[in-house]
Every structure is written in structure tokens, then in C-alpha cells.
Amino acid sequence: MKDFDEIYQRLEAIKAPGLLSADRPREGDPEDKTDKGRAGEAFVLIEPAAAKEFLIAVRDDAELAFDILADLTATDPDTEDENFWLNLHLLSLGHGHRLAIKAMVPKADPVVPSMVDAHMAAHFHERECAEMFGITFEGNPDPRNILLPDDWEGHPLRKDYEFPKEYHGISCE
Amino acid sequence: MTEINTPPEPPEAKTIEIPEKARTLPSGEREFMLDVSTSDLEVNMGPQHPATHGVMRILIRTDGEVVTGGQVHLGYLHRCAEKIGENVEWLQYLPYTDRYDYLSAMNNNLGYSLAVEAVMGVEIPRRATLLRTICAELNRIGSHLIAFGTYGLDIGAFTPFFYCFREREWMMALFEKICGARLTYSYIRIGGVFNDAPVGWLKEVERFCDVFEEKWQEYYDLLVVNHIFVQRTAKIGVITPEMAVDYGLTGPMLRGSGIDFDLRRDMPYMAYDEISKAGVYDVPLGRGEKGELGDCWDRVYVRVQEMMESIKIIRWCLGCIEDGPVIGDIPKVLKVPPGEAYVGIENPRGELGHYVASDGGKVAKRCRVRGPSFCNVAVLEKLLPGTFLADSVAIIGSTDVVIGETDR
Amino acid sequence: MNLMALEAATTGNAFTELLGGIAPEGTPTWALWLGAAGAGVGILVAFVSLVAMFSVWLERKVSAHIQCRYGPMYAGGWHGWAQTLADGVKLLLKEDMIPLGADKPLFMLAPALVLGAIFGALVALPLAPGFFFADVNMGLFLILAFSSLTTIGVVMAGWASNSKWSLYGAMREAAQVVAYEVPLGVSLFVPLMVAGTFSLTEASAAQSGWFGMHWFIFQNPFMLPAFIIFFIAALAETKRAPFDLPEAESELVAGFMTEYSGIRWSFFFMEEYAAMFLMSAVGAVFFFGGYHSPLTALFPEEATTGLLYQLVCAGTLIFKSFVGVFVMMWLRWTLPRLRIDQVMSMGYKYLTPLALVCVLGAAIWETIFA
Amino acid sequence: MSSTITTREYFQNVWDSLATTFAGMKITGKYLMQKPITVQYPDERLPIPERYRGIHYLEQEKCINCLACARACPIDCIEMDAIRHGKELEWVLFTLDYQKCMFCELCVYPCPKDCIHMGTEFAFVSYDRSEFNHDLLSYKGMSREARIRKREADIKKAEKEAAKAAAAAEKAAAEASEPESPEEPAS
């Protein structure tokens, strides 16, 4: 079991493709009232375009061995924000450690290569993410809607989503 | 790359003269005979079907009794839990967590509470931790009882289902006494638990443990080692360890394939660190005893064994529980500092992950639920082709899917 | 089936004798025959309905108590004895539904065929000496032939329903019955060898000795395995768990009955229970002494033609049959269901060879010791 | 099943199927002889524990109309209103919509006066959906007629205010335009 710093050092050592930086929780600046700091867990930032290669690299590295893709999801932080966050959570069965990964996907052109080649587990998650946020996963073998009806309009988990007034004649008021 | 079952190529269009007399079918097609030949039959298993344990729909293609392809269709029970999480206050989301995996609501409460606590960084009193553990493990027993009982039902054995419900009824009565609800508990809350256990409750839990051990032996003799049951489940739906890891399976599905991994032991949360170090319980693994490693029987066996391991954990907690407060220092209206956290806990079905992101307000920025069933059900499309129709029911049952959780 | 009953009635049984006794002088013989046939069919229908109703009630109570429940408790007062009656009335009053795409005539014919076949089979069953609808000298053949006829009804129902689930059920039934006719018949060769007759009346009569306990099951050591094989095959023949694949509610929703409702559906139900009774009765006749028991042996020789003796004999056989029915229920609520290929392999690979071994062994035994 | 099996396995299968069947029948047979554990529901009922989360009841005299419970409700199914006469409260309404309520008990905890509770009543049957909008006020609340009077008064008040506002607006508009002539007085 490794802590986050050790994992990050190892990531740098193996030159994991697309690795940008690490973001750790920090205390807020007591002088600056607007800066409240950040709580929670530490994560690494990666390039979305290299996400698949990154996953393969950390999967195949013996010291990291992140062999399970626990979660793949996205977050729309704000209506004003220009990016979606792509959140990935990896789990290593052998070592028992986790890694949280974040990638910034521009809202203007939300296209990410599919990660199904690295982990088959990504398949359903990508389908859900695609319908909920409108992020296209290029190369997903079955890019149908998974939870929403096939003809659903809009992407419900976006912050600027407007709830439909009616659906097939059913009033949603 | 694994294949996804695409519908078969339509046969080459032949121009055939339809006789005048051919009647029109209700579907609008004209009835005529293309050729005397057999063709695959596409059947909708679900959304209303006894084998799908809810409103899941599996489109299966069969050649006689042999399934040649299957496609999972989800979303019939989609209730926008994640969107609701972005619209209600932190504590108000708690009742919604009861409702995705409605068979193990305690564990869902726990997962959500732990995720929010991870962002907030609050201290949980010792008694609350142990009460949480007892409730989560009791609920794990209840959930496995349903999984096992309904699996018997899938295979065609009715009676074990009722025996399982009898014990689960007692478990629900216990929960009713501690929190007032039988299914949607909302008991474990951010910072601790809602109520202290009523007088005599812990004694009754102990009695439940004693009786359950006897009854467990009956389930084992009645169904688990029954020759017909073994014949129906061994060597069926084999998930190899590599496949299990690739599909991101967790929980009994993963351990059924022989991979020794349990979040409670390997990434401990709450009191599990202590419990694991004390060597209170073992992690049961599938060993391919009756057939191949990772078959349906192994998965069922793991679940059945896990019930007994949970009993051991409960006994340990009952042994060292002391009086004390049951809730930490939590304000009435929660304000969670900005930040984000992902916490995965060992649900009866696998890793239940909650990813919560806060921007410092009263409402979550993102409240993501990683339901274990959602990930486990993905493997069905791979397992179904090449099995018998009856086996497909056995395989679906062995994934122990709860539709409330896949669709959320 | 009416024809058969008529023909059976002509051979002379209790009805013709009874009618002959009370009819005025000069009644033509054909009228007697017709009257006897009509009375026979009427009594048969009533008998089958009663047996089915009691069996359904018994099944519900047995299953309930096995599962720590009460089962029906209200209708009729004592332990809900009238529950089946109430259900029957409800089923009669239900809307008669036929699916749009169904083959209407076949859909309507199938339940009648299924139920008619079981009536026909019951004709050859002697409840007591001289208390039968027809003394058919090939009685066992008649019963086996008629009970196989139900398969045609089931396949018809499955095909005519125009539902995929029903079709699966029908195909399973066809495959299953073909596979299990063989061990069913072969295992019955063992008692037949001892009895030396196909007639059920004669086979019953042959087991009267030993204070009513001169049962075929004690005649030679191959009888018990033969009976077990017969019982398993009978379970498969009557579509009972663990061989209830044509219905298989967890896989095929309700199999061939998926599209049926109301009174038509209840015909299938009645057939199932009547067939259970029939198979148990055949087992009782050929292995467990038919209507003979220590109780019947208490009667002195001269009283054996009296009505009381006849009733006690009938009661004995019915009791024995219901013991068989009860065991079938007990098994159903204990065991999981087999898969279709396992059903096939069990029939062909296990039961048939073992039954043949039993026949061979019994033949050798009979040659040496009898 | 298509695989070949040895003679030993063949007889093992025969033995296993018979032995495990008898083992199972022993267990089911044991329960067949025992008394059932279920109860005949409408005639006998199981005891309901104290903490049961059933239909709410309100200790009205304690309530201070602070809206804490209404705010805590995740689905906003509590509606409450009262008129304050000094220390006395005249209740207008306190309703709970049981079509929405999910019995989570979150409304009970934040109450500063500990006056809303969940009772042990659970059956709630009606032919009319509107009856599920349950009135928790048992007494001292406004009677039905009083509520109607109040509503009428409210409507009248609103009308009056609207008229006033309209007049004011018209006046303002008139003032903005040319000064009014004495021959045409403003209505």
C-alpha cells in the first residue's frame, strides 16, 4: 500500500503518458477570505487525450498495478466553467491502493478516446457519461444510451440542463 | 477486445411474390413462407420477467434452447439519484441513498456518510462506529439472504426462499426497532447514527446470531450442496480471474473468481482495520470446488459463506461495544468545505463508490454513485452466448443484480 | 374419449348391472349401454374434479407448512378447505381471453384435449373389485397411451398461443415426454412380469395374499429400484418438479400456459393433478398391492362382494394414491429444477439403462426362484 | 453434460442425487411438522416498535411555527402557516402530503420544541388523492369556515391592493403625460 506521494513519484518515474500535475488538499489562506482551500482527497491531473495510454501504463506497471477501473464519471463544475472534469478512480487489487485522476475536457469540444481497450469496465461507465454529459467517447463499441431513452434530448447532468416540459405527450410539470 | 453482441445481419433481401390470399399479421406484415429453414429467435427477457429481479430487460437471441447472444438494456428504473443529489442539501440526500440498493440500505447510508465525512474531516464516536458496523453487517446478511433465496427461486427451488425470508424478517424487525423502518432505514447519518440502540437491542442481535448459525446449516444442506443445484450451477457462467479484473467486478463476483480482495480487509474503513487485524473473519473465496473456478456455484458459495463471516464480525462488535455518544459534532445545517472525495466501501454486491464534490455550499456540486451492480451486470453480455436458456437465468441470478442500483 | 368409455361400458361393469337391475323390462340394450356410458362419464368428471380440487388444496397446505406458512385459512372455515372451490368459481367467471395472434381453434381445443385424455386414462383404473368403469385387459397400455396424449394437447397449446415462451414450453414437453415414456414403460415390466397381465384389475387381485400385504414390491429385490425409476419417470411424465420444465416459471414465465387464463387455464391445472393421482394410483396398483391392505383382509370371504368392502377397497387405493401425490408435492417443494439437457440425459443415460438392468435382474430372479 | 464421464462418476451421480434429495426432504419434512411462524394478519398483528416511522402527529400547543421541519424535508411535503397574536398562535394550516412523504424522519430531528413525531399508524387508504394531503392540526386550528373566510379576505385584500397599485400606476402615468383638464376628471 502506497500513499499518494509515493504513487505520484512513481508516475513521474515511469513517465506516465499525459501526466500533468498533482492536486493535493490544502488549508485555506487565513488572510484571503475568498480562498477556502480544498478538502478531501488528492488526485492527479492528466491530459484527456492520453487517458487510455495512461491507464494502460499504470495498469501494466508492476509497482502501481492499478488493475481495476473502479469508476469513470464526469462532473460539470459550473455553468461558467469552460471544462468538464473527467473523474477516474483506479484501484489496485494487489497493493490495495487507490488513485483518483482528473482530466479537463473542454465543453466546446467534449471528445475523449474510449478507454475500453484499457479496461472493459469503462464500457458501461462511458455510455452513461456520454448520455449524461454529452461527452463523446471515440471508439466505444456500443455508444447507445444506457439509462435514458434513445430519443432523450439534452444531457441531464450538465448544470445548464433544462428540464423538458413534456415527453411523448406526458406532461412533466 | 471483447465482442459486443450485435443483432444478426438481416438475410439477403429476396424478392418473393406474396400470394393474394396471404393474410396480414397483427404486426402489419404479410404472412408468407420464405423458405423452410430455422432461424434464431429473439426473445425479450424482461422488463417484466421473473428471472431479471426487477425491471431489467435482456434481449436474448436463441437457437432452440441455446442462447447465441444477449444484450442488456437498462434504465427502466432510472430515478435521477445523481441529479437529485445536486439539488438537495447534504443531509437531505440521505433518504435517497436508501433507494438505490434497496436491499442493503444501511450500507448505502454508510457509503454516502463516509464520503461526506471524508470531505468534512469529522471524528466519529466509537460507539457510533461499532453500531454502524453491526448494522452494515446485519444488512449484508439480509442482502445475501435475498440473493441466495432468489437464486434458489431462479433455479426452481421455492422453499429456501421462504426460509431466507424468515431470517431476513427478523433482521428487518431488528432494524425496525433501532430506526423505525424496515427497508429504507436512513439510519447511518453524516457524523454518526441517528439514534442510540434501544435497551435490549444488542442482546437480541446476539440471539439472532445464535439462531442464524443453526439455520444457516439448513440452507447449506437444503440447497447449496444439493446435487441438482450443483449440476445447475457448476461450470456455468465461468468468469476467469482475468475477465473479472478486466470488467472491474467487485465483491462476491470478484471473490467467486478466486481473487482474494476485500475492501474491508485490504482498504479498511471504520473499525474494520481493527477487526481484520484481530483476525476475526476470513474472506471466503471461490475455489472451483464443484466445477471450474469462477462459476455460478462459486459465487453463490462465497455469498453463503460471507453470511457466517458477518456473524463473526457482529459478535466481535457486540463484545467490545461501550456506552458513549452516537453522533459527532455536526451542525444542524451542514456546510461541507470545498473539496472532493471518492470513498468506496464493501457493499454486499461489491464496491459501492460515492464521489462527492463540494464547492462549500449547502448543496453538492456532484454526487456520483458507483453502483456495484451496474458494473457487474456488464459482464452478462459476455457470459450469455453459448449457454442454455435455463443457464442464462442461473447466470443472471448469480450476478445478484439490484435494478435500483444499476439504474439509480 | 366418449367412444372409448362407451366401448368400455359394453364389456359389462357395475353401471350396466346396476341399470339392468333397475330398468323396466324390455329396455333395449343400446339404451342401457348409453345410460351406463353417460353415468360413467358423469361420475368420472365428478371424480376427477374432486380429486383435482382436493389435490390443489393439499398442495397449497403442504407447500405452506413446509415453508412455515399457513396457506389458505379462511374460505370454508376449517383450514380453508373451500379455497379451491372459491378459486374455481372465480376462474369460471373470468373473462375468456384469446390472444390476437393465436390460432383460435387449436387454442380452444388444447385444454379440452389435455383434460379429455386424462379422463380416458382413468377409465381403466379399478378402485375396488368390480368398482371400475371398464375392465380393459390391456389396461396399462391404455393408461400410458392416454397419458401420453396429453402431450399433444400441451404442444398444441404452446404452438397455438403464438408466444415464444409458450413455444419453448411445448418443445420441452415434447422432448421430455418422449424421453421418459421409455423408462416409465420399462420399469413397469418388472411388476408386469410378476403379475403376468396388463389388466389393472387382475394385477390388483393378484396381490391379495399375506393378510393383504402380498404386494409386488416385496416379491423380488429389483422391485424397489424399479419403483423408484417408475416414480421419477412419473414425475417427469406429469410435469412435476424437478421436471416441470414445460412450465418453468422462473425461465419461461409460465411455459405453455403463459397465454391461458380463466377456465381454460384451470383445465391444465386439473389435468396436472389428475395425472399425478393417476400415476400414483398406477404405482400403487403395480407395486403396493392396489386396493389390498391389512384392513381389507379383515373382511370374511363372503363379505367381499358387499358395498362396504368395495368402499373400503376404494378408500385404500385412494389413500395410497394420495400418499404418492403427497410425496410428489414434498419433492416439489424441496428440489430445484433440472435443465433440459440434464432431463434428457437423466432419462436416456440413467433411468433407461437402470430400468433395463432391473428388468433383466427381475427376469433372472423370477426364473430361478419363482 | 456432453462430456464423457467415468463409471465411478456415473454411480457417484446416482448416489449424490438420491442422498442430497433425502437430506433436503428431511429438512422440509421437519418444517412440515412444525407450527408456522407467520401470523394471520388482520386477526393477529405483530407488535409495532416504539420507534416505528408511521404517520406523523403534532403536539400543536408546543409548536412555534418555526418552519424547521418544512425546511428539513427533502421533498418539501410539509406546508405550515399560522397567525401570531402576541404569544398565541392561530393556526391556518399544517399539512403533510403523504403522496410525497417517504417517511425518512428528517423532519423530526431539527424541531427545536420536539413537537413533531412519527406515530405507529401506517395504514392510510383513501379513494381520493386529496385526502392524502393530511391535516396534522387536530384542534385550535382555524375551522373550515374560518379558513374560507380568511381566504376570501385575503383575496379581497389582494384585489384591493391590486386596484390601489393600478390606480397609483395610472396616476403616475397620467402625471407623466399632459396635466389633466378640469373637464375630464380622472376616474
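Per-chain numbering from 1; labels A, B, C and D assigned in written order.
As a working rule, contacts are C-beta pairs under 8 Å (C-beta built on N, C-alpha and C of every residue); 3 or more make two chains touch, one makes a residue touch a chain.
Worth saying up front: this structure is predicted, and the values here are computed from it rather than measured.
Colleague: Measuring between mean CA coordinates, which chain is farthest from subunit C?
Modeller: That would be chain A.
Colleague: Of the chains shown, whose Cα mean is nearest the mean of all protein Cα atoms?
Modeller: Taking the mean of all protein C-alpha atoms as reference, the closest chain is B.
Colleague: List the centre-to-centre spacing of subunit A and subunit C in whole Å, with centres computed as mean CA coordinates.
Modeller: Inter-chain centre distance comes to 65 Å.
Colleague: What's the distance between the Cα centroids of subunit B and subunit C, rounded to whole Å?
Modeller: 44
Colleague: Report the inter-centroid distance (CA atoms only) between subunit A and subunit D in whole Å.
Modeller: Each chain's C-alpha centroid was found; their separation is 38 Å.
Colleague: Take the average of all CA coordinates in subunit B, do the same for subunit D, and state the distance between these two points in whole angstrom.
Modeller: Each chain reduced to its C-alpha mean, subunit B and subunit D end up 29 Å apart.
Colleague: Touching at least two other chains at once: which residues of subunit D meet that condition?
Modeller: Answer for subunit D, listing residues that touch two or more other chains: 13, 21, 24, 27-28, 31, 37.
Colleague: Residues of subunit B touching 2+ other chains?
Modeller: In subunit B, residues 159, 163, 166, 222-223, 226, 228 touch at least two other chains, as defined above.
Colleague: Can you list every touching chain pair?
Modeller: All chain pairs meeting the touch criterion are A-B, B-C, B-D, C-D.
Colleague: Across the complex, what residues on subunit D touch subunit B?
Modeller: Contact set of subunit D toward subunit B: 13, 16-17, 19-21, 23-24, 27-28, 31, 37, 46, 49-53, 72-74, 102-106, 109-110, 118.
Colleague: Which of the residues in subunit B end up touching subunit D in this complex?
Modeller: Residue positions touching the partner: 88-89, 91-96, 98, 159, 163, 166, 173, 176-181, 184, 186, 194-195, 198, 218, 221-223, 225-228, 332.
Colleague: Along subunit D, where are the residues that touch subunit C in the complex?
Modeller: 1, 10, 13-14, 21, 24-25, 27-29, 31-32, 34, 36-38, 40
Colleague: So in the complex, which bits of subunit A are touching subunit B?
Modeller: 25, 36-41, 43, 67-71, 73, 75-78, 87, 89, 91, 93, 96-98, 100, 116-117, 119-125, 128, 132, 141-142, 145-149, 156-157
Colleague: Would you tell me which residues of subunit B are touching subunit A in their complex?
Modeller: Within the complex, subunit B touches subunit A at residues 1-2, 4, 74-75, 78, 80, 82-83, 86, 118-121, 245-250, 254, 259, 261, 266-267, 336-342, 344, 351, 353, 355, 357-360, 365-366, 368, 370, 374-375, 377-378, 407-408.
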